[in-house]
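Paired with chain B in one complex and with chain C in the other, chain A is shared by the two complexes that follow.
Here is the complex of A and B:
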């Protein structure tokens, strides 16, 4: 069922997450935009965080400092991550 | 005890209680139930978030281990030997590095030789002794040696895993590798059981009888056909006999 609450950018970021993390049997519409990506929500782990950092760099030209405190906020949900992309993309 | 020192010099006898294999190259052929041939085994006992990082080879090992050990709170040591690990993945990363591109952290994390056992351990909550071996083509011999170490140290049984994997084409000139991946699991002990297969070794002359590299398909053929299996170091001729057959003498 199409999740109409996703913006075009959020859908694009969701597809990046699915491809980069090789998520099985999950489509962009399955990712709740406000749900946590890590831990209880989608269930991603710390290696996924590194993998997402690499994907952001490749796809949108965004380089994150791996030690930065605000990464936790950027990676909190699909919506937060999409906001980061909108603000910092240089592709 | 006297039996230990005696066993060190005696020719090995082991008992095979169960075996299962993954031979995708034989898909479509008539195979016994203990052989699976799916190109990408389900590994349904592994949570999806762990499973997604496994190659078909890793999924096969977890599928077979799940079939053989999931219903027991097993403390059986698990030994995995493979010549090239997960063949393509680590070698492909070298290409990526050569091109100056960043490598995938998830793939890097799973490029180590004990990665499949690590995922199995996490997925099944099994924290028993596990080891990953490589032995330049003598992986099966190394597994037997390691297994006998555990068994003579008092373990009841040991789970052996032998896997083989293709390598990228440009490495083929340097090494022997199959076209198709494969896996073999064998549960061995020193104790006879009514349905166990007795694996009995006798000496062979090394100069005359140089065995081929023991691979999962070779082991499966041996166990199905009951012909001889020659290992290299030490050079031994192995015979597989069910309880109904008379053990070899002389």
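Here is the complex of A and C:
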């Protein structure tokens, strides 16, 4: 089902996720912006989280702080991850 | 998350107290400093006997290992009082670790078997993952950081668990080029840090022969000395994510000499996602084969004193 609620940045971040993790049969519009990326939502796991960390740096030049709790919030959903990118991008 | 393995936690190595208490290690170090190596060995034998008597889990784990080892390489020589000697060898290794961290291992006593491989790995500037094991004392190799100042290392380990051991070393002069990273903090931020390390030609040091503590951490069952045992996948994943070479480093003792073995386990540079699962299968199997080789060569220097093989059925987790 098409989802038209993505902002341009969210679409960009969604594409980064899809490319970094080579998710098959899925487009940016299939990702619910508020749904959890990990576990029940998109179903990503802890290794995917490491890859997303590397992709964020490569694509947007974002260096994450080592505070684990804070990162968990940033990685909770596409919307929150996009908010992080908006705030911290240095590309 | 309370998963079934919680109930069995007391048998997991992390739940078995590091019974070599801080005070004990300090006392042993004092004995070594005041009365010399011979006195140290004498006292160590008594300590070994005490452990044999008072630590049934460790004793049974040692016996199980000996049984597997004997069946796997029948020509292996195990001295009498094997289990006590296994413990005392561990005590010697602990002293070596302490001396190494204080920079007190004489460079002449370290013999690097594959000097060329090591030099090439450093000089290539590609960095990499260095897999270490609980065979011998890889801490000796932190002494390498003193020999080659340009060798930068990040050591990924369970610092919470080893805290008591580490608290011995608040006063040591750890080379600036060695950084310690807590393994359970492993997340996107740590991945970035480790990537920066490798990008500057440095190395990430991580053990690959102890079951992960974290529930849900990836591991796989591989035949080790003739029976399947769980091995953590972490080190191998890191090599794949960071697209870098993977090496094995073993440092074991023979008489007064520390033998350093350094060899290539594989290279994940340019590996595609499609190739991952095959690479993982092959590289982990190769690693375990090499570990077996070194167990046969240094039979009493493998120090995992918890039920390493366990029951496969009991611990099986659903595939992820």
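In this text, the second predicted complex is superposed on the first by the 86 of 91 C-alpha atoms of A that agree within 3 Å, B and C clash if a C-alpha of one lies under 4 Å from a C-alpha of the other, contacts with A are read in each partner's own complex, and residues count from 1 in each chain.
Criterion: contacts are C-beta pairs under 8 Å (C-beta built on N, C-alpha and C of every residue); 3 or more make two chains touch, one makes a residue touch a chain.
This structure is a prediction, so every number in the text was calculated from the model and none was measured.
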| item | value |
| --- | --- |
| Partner chain(s) touched by A:68 [first = chain B, second = chain C, both, neither] | second |
| Partner chain(s) touched by A:13 [first = chain B, second = chain C, both, neither] | neither |
| Chain B versus chain C as contact partner of A:43, first or second or both or neither | first |
| Partner chain(s) touched by A:22 [first = chain B, second = chain C, both, neither] | both |
| More chain A residues in contact - chain B or chain C | C |
| Which superposed partner A:51 touches (first chain B, second chain C, both, neither) | both |
| Shared chain A surface residues [contacts with chain B and with chain C] | 22, 45, 47, 50-51, 54, 57 |
| Chain B partner contacts - residues on chain A that touch it in the complex | 21-25, 43-45, 47-48, 50-51, 54, 57-58 |
| Interfacial residue positions of chain A with respect to chain C in the complex | 22, 45-47, 49-54, 56-57, 63-68, 71, 75 |
| For the chain C and chain A complex, residues of the former touching the latter | 185-193, 195, 216-218, 237, 241-242, 273, 320 |
| Chain A-facing residues of chain B, complex | 48-49, 51-53, 102, 104-106, 109 |
